[in-house]
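Please see the structure below; I have some questions.
In order of appearance the chains are A, B, C and D, and numbering begins at 1 in each one.
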Amino acid sequence: MENLKEHTEHSHSYGLYVMVWLALITLTGLTAVIAGINFGKLSVVVALVIAVIKSYLVLTEFMHLKSEPRAFKTFIFVALFFLLVSFTLLFSDYSFIIGK
Amino acid sequence: MSGETLALSQNEHNVNYLDYQGKHKGIWGWLLSTDHKRIGILYMITVLSFFAVGVTLGFLIRLELLTPQGTIVGPQAYNEFFTVHGIIMIFIVVIPVIPSVFGNFFLPIMLGAKDVAFPRLNLLSWYLYIIGGAMILLSLVLPGGAADTGWTFYIPYSVRTGTNMIFTLAAVFIIGFSSILTGLNFLTTIHRMRAPGMGWFKMPLFAWSLYATSWIQVIVTPIVGITLLMVIVERVFHVGIFDPTLGGDPLLFQHMFWMYSHPAVYIIIVPAMGVISEVVPVFSQRTIFGYKFIAYSSLGIAIFGSLVWAHHMFATGMSNTAEFVFSLLTFLVAIPSAIKVFNWTATLYKGSIKLEPPLLYALAFIFLFSIGGLTGIIQGALNVDLYLTDTYFIVGHIHYVVFGGTGFGLFAALHYWLPKMFGRMYNKKVAKVAFWITFVGFNILYFPFLILGWLGMPRRSYHYLPQYQVYHVIATVGSWILVTGLLIMFINLLVSIIKGKKVTEENIWGGETLEWKVATPPTVENFEEIPQVVEGPYEYKQNEYELEEEVK
Amino acid sequence: MSSAESTQAAVIAEPHIEEHAHRDDVRSRMGMWLFLFSELLLFGGLFLMYSVYRYMHQTDFSIASKEMNTFLGTLNTVILLTSSLTMALAINAMQRGKKGLSIFLQIFTILCGAAFMVNKFIEWSHEFAKGNYPGSAILASKPKGQILYFGLYYSMVGLHGIHVLVGMTIIAFMLVFTIRGKITPDNYVKLEAAGLYWHLVDIIWIFLFPLFYLIT
Amino acid sequence: MLADASNFVQPVDNTFIIIVSICVFFLILITALMITFVIKYNSKKNKKAKNVHGNVPLEVTWTVVPVILVLYMFYLGWTGYKHEVSPPKNSMVVNVYAQMWRWSYKYSNGVESDTLFVPINKPVKVLLHSRDVDHSFYIPAFRIKKDVIPNRTNFEWFLPTRLGTYDVFCAEYCGLRHSYMYSAVVVLPQDKFDQWMAKQAASDSDTPADTTSM
């Protein structure tokens, strides 16, 4: 399957890139504004959610992940999954130590 | 282009890789070669040289421990010896050895490719590797002394000690980088360069094991890289990261360190398991038992092995939740290894077994690795681990896994593939004698460690109480026997490379993987034509035809 | 001239296609992506350390982050995002055979990187002037959580800065290759790889920005 | 040879022996099978090999059986561990200070000592403090060990069950004289312990400068 996609052309238009860029700038502004408002504990979550959305845009559009073979997406998933699991396991120690 | 020159140039590519004269002549033809086979040989020479240094240090450590204190060196020298012994053996020898030497040489051939995906990157990896290795060796002789922290570099001692820490840490970082590059090279090779017809489940199990290993390398090596880099930064700029005087948590260092260094055990052992999965069916002349179970268990080990790091830290006072989770996962990670051991044993069943040197080493691997794995299980039990951790029990365990496992896997690979690589056969009788001496010496050396551990002897101790001496003496005598065996083995192999009996037949042992279908030694391009793969790697169809004949 | 070239092209067309088929762009990009994962996990390790310390010292982190210049941080984010856009456009322009435009966009990307570094320099010298640098007595007298905050700040932002410099160097090489005609509309995988690296640097900053500048 | 002097000796030894027995059984099984096959199916005797591709029920068996066994081992280890981290409320508290390369002990009444004196059959809870690098407080005769980490206070408890003097080691490598970082724990009858404590307290009050230096 991978071989078929070997010569996929990335025919993205300039316009699409500029739109993505505008979205990224808007989201940056949004993060900065939201940081001013005190959401308490939620503010980290909100900031990270926005950062994830931004990274998703960069990954799929600027880095053309959406037109790459499926293996590439699996790779990303593996890497992020590993980080997530490590994070969880690491906090199985820390969150309970502080809680004591 | 005239027909004559065309024929000549083709002929040049059919010449064996040892005699090939490319753009660069003589030694530069090796040092600048991007041929995966030549790079494999470069690795072999360098890794085995480092192995010799590591063995020498280990030998000296054992000599020192012959008496309770002060046999040949002082405590500072002793601490440096066991540290450098650990660093060399772990980071420079057993982590790279099988992927870099045999992976480089045989992975492309086994997949039916002409080279790895990124040949120049491959050469770069080797250069990074020898730079790192040379730095470790230099640290031994530079003023200030070699690192004396143990190979684990635990904070805060590693920010306090006055030895050449920065140099050593940087060296390990560079070697880690080399390891990452090799890993991504292999992953890309396996994904993109399999011969037509070679689906994932027609890949040899050695390739499967390298695939799993490469993933661990690419994913976890950066974590230890950044951790060690932070220790350097902490020492140089006094940046507060781990140092408790700057608010840091020394245990976070241990978490980050083991997040890599535990999976590193699987980087070490899984390729050796791949070798065993090649050797056992070939010398039984039958198909492997449970191909898919073995392939999947490689991946299973890679995945679960990355999730059990904190079992090195049961005694550090982690939260009960962490102790629970990591102990449970530790027990579960034993399962895929157990599956492999059972499958290898079952592969011998109803085979037509030739007890040649490679199989001897492979069987020794299964035995010694089982002891290593089972002693690991013992330490998975929390209350037992609290007693046994940081004693000689763990030193015995790690040597059974790493030396008994990967070491004997390496010896099996050497005896299995060297004739193919150099077209010369070693003396089999001498090889068998060397095997028995090595095997016996190994057990005399390391089994007393397990007893010492149970008796409470702490590890990394220059001095010990007299009640432990008898076991230390036995172990030291064992080290002499082991070194004798190793010397005989390596001299035998070296002599064979230089003036052993010439072998030209392609299939020396009756294997069915692709490396046995190319010339001995392989030509520069490996294959004149990229082969079309139709069958799995260990079909031994002949057996089934014969069976059908019998039925008729 | 042009007709002579085209006939020559027709003559060598077949071997050229063969060579093109032999070249596996997916393979090159796969190698690059795998390398990016290593980079991602390199920073991932730092993010893990960050999360632990922030969890342990929440108020100290918040207090220390007040020392940061949010305006410069936001400006730098915008600069880096823009450079990502121009890098993507540079590759796109090359695909369409617009060499001149691509060269211009690559130069613009490098300049954005330089602007980012200048801002960083201003920020860091400001912090140094205040005494918030590793090893200083002023920082050492602060609560432990704040020492750790600055330790992580300098390590993570510093490492990211090194990546920006490396990225700029790589793009500079690509610029030379483009000018010399080594990167062409049907062989631009090198430029793509450089772009991937640059975007990764951008993504890491996307996370660093809220985690260091916007703690409430 | 190995002393048996605390309440944890039995559970640790039992767990160890049970797991070792299971392990030895499997080791012997594997080794015996390998040797049998190598002899029985040697190419001299068995010229033709037969292909056995796999056997799913067998694979499942040798996956499930080990899973059950390791879960049982986990249970043994976990219950033992739970016991070791649950000190009784009435435990006597002793602060242990580790530094390169010596141990010191401080009782709740301010008495200090280089050797740990404890009364027999009374639970003792030790709080572990490090003054510099990582150490590990290890008493083989009691089957306990816990790391001593700067910036953290770990604890450990035990119930001494036999009179005598036992070794205390540092089990975490801590530099040049790590292996000389010995100390001893002395288990005394209650009355002897009280006498010792009274004597120490008296001598401490003679030299008050010493106690405040901690």
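Simple rule for what comes next: a contact is a pair of C-beta atoms (placed from the backbone, for glycine too) under 8 Å apart; a residue touches a chain by one contact, two chains touch by 3 or more.
Just so it is clear, the model here is predicted, and its values are computed rather than measured.
Novice: Going by the average position of its CA atoms, which chain sits the greatest distance from subunit D?
Specialist: Most remote chain from subunit D, centroid-wise, comes out as C.
Novice: Count the C-beta contact pairs for B-D and for B-C, then tell me which is higher.
Specialist: Most contacts of the two pairs: B-D.
Novice: So how far apart, in whole Å, are subunit B and subunit D when each is placed at the average of its C-alpha atoms?
Specialist: Going by mean C-alpha positions, subunit B sits 31 Å from subunit D.
Novice: Taking the mean of the C-alpha atoms as each chain's centre, how many Å separate subunit A from subunit B?
Specialist: A distance of 36 Å separates the two centres.
Novice: Please tell me the distance, in whole Å, between the geometric centres of subunit A and subunit D computed from their C-alpha atoms.
Specialist: Inter-chain centre distance comes to 45 Å.
Novice: What residues in subunit C touch two or more of the other chains?
Specialist: Touching at least two other chains: 24, 26, 30, 34, 37, 41, 44, 48, 52, 56.
Novice: Can you list every residue of subunit B that touches 2 or more other chains, as numbers and ranges?
Specialist: Within subunit B, the residues that touch at least two other chains are 191-192, 219-220, 247-249, 251, 259, 320.
Novice: Mind pulling the residue numbers of subunit D that touch at least two other chains?
Specialist: Correct list: empty.
Novice: Please list each pair of chains that are touching.
Specialist: Applying the touch rule to all chain pairs gives A-B, A-C, B-C, B-D.
Novice: Inside the complex, what are the residues of subunit A that reach subunit B?
Specialist: By the definition above, subunit A touches subunit B via 2, 71, 78-79, 82, 85-86, 89-90, 92-97, 100.
Novice: Which residues of subunit D touch subunit B in their complex?
Specialist: Residue list for subunit D touching subunit B: 1-2, 8, 11-12, 15-16, 19-20, 23, 26-27, 30-31, 33-34, 37-38, 41-43, 46-55, 58-59, 62-63, 66-67, 70-71, 73-74, 76-78, 80-85, 132-134, 136, 138, 140-141, 143-147, 149-152, 154-155, 167, 169-180.
Novice: Over in the complex, which subunit B residues touch subunit A? Could you list them?
Specialist: Those in contact with subunit A are residues 191-192, 215, 219-220, 251, 255, 259, 306-307, 309-310, 318-322, 325-326.
Novice: Under the touch definition given earlier, write down the residues of subunit A that touch subunit C in their complex.
Specialist: 2, 5-7, 9-12, 14, 17-18, 20-21, 24-25, 28-29, 31-32, 35, 38-40, 43-44, 47-48, 50-51, 54-55, 58-59, 61-63, 68-69, 71-72, 75-76, 79, 82-83, 86-87, 90-91, 94-95, 98
Novice: Quick check: in the complex, which residue numbers of subunit C touch subunit A?
Specialist: So the residues of subunit C in touch with subunit A come to 24-26, 29-30, 33-34, 37, 40-41, 44, 47-48, 51-52, 55-56, 70, 74, 77-78, 81-82, 84-85, 87-89, 91-92, 95, 195-196, 199, 202-203, 206-207, 209-211, 213-216.
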